[in-house]
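Going by the order they are written in, the chains are A, B and C; count residues from 1 in each one.
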Amino acid sequence: MLFQQIVINALIRASELGLLAIGLTVTYDILKFANFAHVEFACIGAFLAYTMNVTLGMNIILAGLVAILVVGVLSIFIDRLVFIRLRGASSIALMVTSLGLGIALRNGVRAIWGARIKGYAIGLQNPVELIGVRITPVQIFIILTSVISMVIIHLILKRTKLGKAMRATSANPALAQACGIHTERIVRWVWFMGASLAALGGIMIGLDTHLTPRMGFSVMIPVFAISILGGLGNPYGAMVGALILGLTENIGLYTDLGKILTLNGLIGNLTGLYIPTGYKLAISFIIMIVVLLWRPSGIMGKRER
Amino acid sequence: MLVVEDVHKSFGAIKALDGVSLSVEQGTIAGLIGPNGSGKTTLFNIISGFYEKDAGNIRLNGKSIDGLDPFRIARMGLVRTFQVAKAPAKLTILENLLLAAKNQMGEKVLDNFLKPREIFRKEKENLNKALDIAEIIKLKRFKNEYAGNLSGGQKKLLSLGRVLMANPDIFLLDEPTAGVNPVLTLELVDVIVDIRKNLNKTFLIIEHDMNVIWHLCDLVNVLVAGSNLTKGRPEEIQKDERVLEAYLSGSKST
Amino acid sequence: MGVLYFFVYLMIMANVYGILSLSLNFQAGVGGMSNFGHVAFFCIGAYTSTLLVMLCHVHFLVGILGAFIASGLFAFLISIPTRRLKADYWAITTLGAGEIVRLFFLNESWISTGHYSGGPFGIRGIPRPWESIIPGNIYPFFYLFLTLLFLGLTYFILQRLINGPFGRVLKAIREDDDLPLSLGKNIHEFRVKTMVIGGAFAGIAGGLLVHYTTYVDPFFFMPMETFIVWAMIMVGGIGNNRGALIGTLIIQLLYYSTRFLKDYLPIEAQLLASLRMISIGILIVVVMLFLQEGLVKEKKRLY
């Protein structure tokens, strides 16, 4: 496969998963636990958009926006119902709770929408050729949406009062509270932000491929790998991490590793060496393990003792 | 016994320790005093291996303990307590004390099944010792109570009990009597003096209660702003104008 | 008669899951390690015993021993990158490890017994131990007894470790690293050992499972299995072995008996499956919110 094509494919993957990972890492930063139900927000968002787009015949962009808002509100509702009772609980208690919640949400989607594969009403996508790369208009849309979302997140984090308050709350909740920051309100905003980013990511995945109730769960490990790669709690790290993961996956799966290892035939002769596609998930896992062994706080995080 | 030479430690831009040195002779009780933020607890954390230092040397019985894991330093005979007393909430008082015993065969997985008798005997021995210590720290009544239900002062007592149980060569005690009632404090002072006299153990103690310091210590080290201000016998330190001044200005700034 | 055999089958599975929940309870309940990939050890145990017995023609007991060793070894491997890290990382890494192990057996079709294709098609014809000498109609009762024996062995060994000095250190580590470190306990070593012991026993459970079903495929070992075992120890009472067993029984009965609701209710099988999973998920959340210590509280050791 052409190198440009690999880069574009990596960019598409990074755009989708990056949104989910940024959502995860932002919630981790404030709530201090790994939310195993996070990826289900992506799944719910994608299916809500499906209902509005396919069943109700709404425009996909409008359907997507409504779905994102609904998922954001849903996450606040879940926080008020469940997690508010566990503030200050151990991270294990929080993780197990989110695990249970994730199971309930994932199977809730399956109960409501069924297990059959679905797709949005966006018509057949004919790829266009740009600099020797085949890309569909929807994929261009995905990349653009993702880039714009990341710019917006950057502006929220750096330029708004909310962003400042978030940083203060993350660093020291008690101190932030003492300085007049309404930390519970920050927590609500963070849920909203994280969940709606996940929903957006989910819709992007649905646009690019298809929808199944397992679509969230099946990207859980890559999404966590990206967050760990960027350092849990660091949204910029997650952006870089998503790119690295996208590239590694696509290079690993679609280039002849034999050629790379032998420097294109310079030393020895080894061709046709590909990582089987069945092991796509293993690439994320290996990235995760390598980062944990090498720099547990992520490539962009501060080095921990 | 314990020699600390020119230890430096910074947290970001803040210099917590700026060249601290001290030494504690075998069989003596040394005090470490200074205003809040003068680096006493940081020094404890460095000596016991919990923090890495930026520069300096630390020797225990002539051997360097630089860069060793905390548990290795503990096994070499240096055990510390924490300023905010720790006590696993779901272990009882007795279990907390038993936890501290060293060289427990029962901590080895296979020995539990190969030498159950010996382990049983050792446990019994430790149990008797733990009961004696519970008596000393006046917590015997609560021996089967979860440590999570203790007050702050009681947790301090339990910490002291645990180091007694661990029976190291050198004890590093971080405010051992904070929150403990005055009568019991005096008894504990006696216990420490006894241990030193009868077992020739060594102590380094951080304490804010000056009465405890004057009663116990052979030598007092004064830290101010991460450096040694002075050291001397308790009587000398009591009279030293600079120490009083450091405390006054220290309390102004905090 | 059918009901009785079904009940025996349920109890055999309860024994197998009992071993799983005891071993997870040892790691998570007593040691405080958030293992979200327990199914990995279950899976490796199942395949190891299958391959040893079918390819090397060793005895069933040797197969089970192999399962014990192989799963323990795998637990050791995943402890290396994680032993110094926080609970969050344990959870993610173990979850990932569980999926990778399943992927491995899904993709590596050459791992088979020659007659069948392996991979997603699974391996059939796994021999049942002592089948030739025990009449078919009492065999399930025999296997029930056999699994109970292994459950008892697991209980005895783990209980002894928990009640002794080893368990004391684990309970201290569960709350905080610094105190046990200050008392000379090598907490990383304790964590690795706990992971290995728990993993090894889960391997036994895997072997016991497939030598009864006589069939194994990678879909036995979906991540949901791990979560069900978590539900078992949460409901029964985390940190307490008796609680873990009671929780196993409750979840096992609920989960397996509701499978047959479709015969009585006008409900699609697919929907019913979802509803059963939803109830497991909600049960975990409800227990975490309102019954944190589970049905049976952790037992206090009195002297």
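We adopt the following convention: contacts are C-beta pairs under 8 Å (C-beta built on N, C-alpha and C of every residue); 3 or more make two chains touch, one makes a residue touch a chain.
Fair warning: this is a prediction, and the values are worked out from it, not measured in the lab.
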Chain-level touch network, classified as line, ring, star, complete or other: line
Leading chain pair when contacts are tallied as C-beta pairs: A-C
Chain whose Cα centroid lies nearest the overall Cα centroid: C
For subunit A paired with subunit C, centre-to-centre distance based on mean C-alpha positions, whole Å: 30
Whole-Å gap separating subunit A and subunit B, where each centre is the average of the chain's CA atoms: 47
Centroid distance [mean C-alpha coordinates] between subunit C and subunit B, Å: 43
Residues of subunit A defined as touching subunit C within the complex: 28, 33-34, 36, 82, 85-86, 90-93, 95-97, 99-108, 110-111, 114-115, 217, 220-221, 224-225, 228, 232, 276, 278-279, 281-282, 284-285, 288-289, 292-293, 296
Interfacial residue positions of subunit C with respect to subunit B in the complex: 157, 160-161, 164-166, 168-169, 171-172, 174-176, 178-187, 190, 193, 197, 239, 298, 300-303
For the subunit C and subunit A complex, residues of the former touching the latter: 28, 32, 34, 36, 80-82, 84-89, 91-93, 95-97, 99-100, 103, 106-107, 223-224, 227, 230-231, 234, 270-271, 274-275, 277-278, 280-285, 288-289, 292
Parts of subunit B lying in touch with subunit C, wherever the complex brings them together: 48, 50, 69-72, 74-75, 79-82, 86-92, 94-95, 98-102, 104-109, 112-113, 119, 123, 127, 143-144, 146, 162, 166
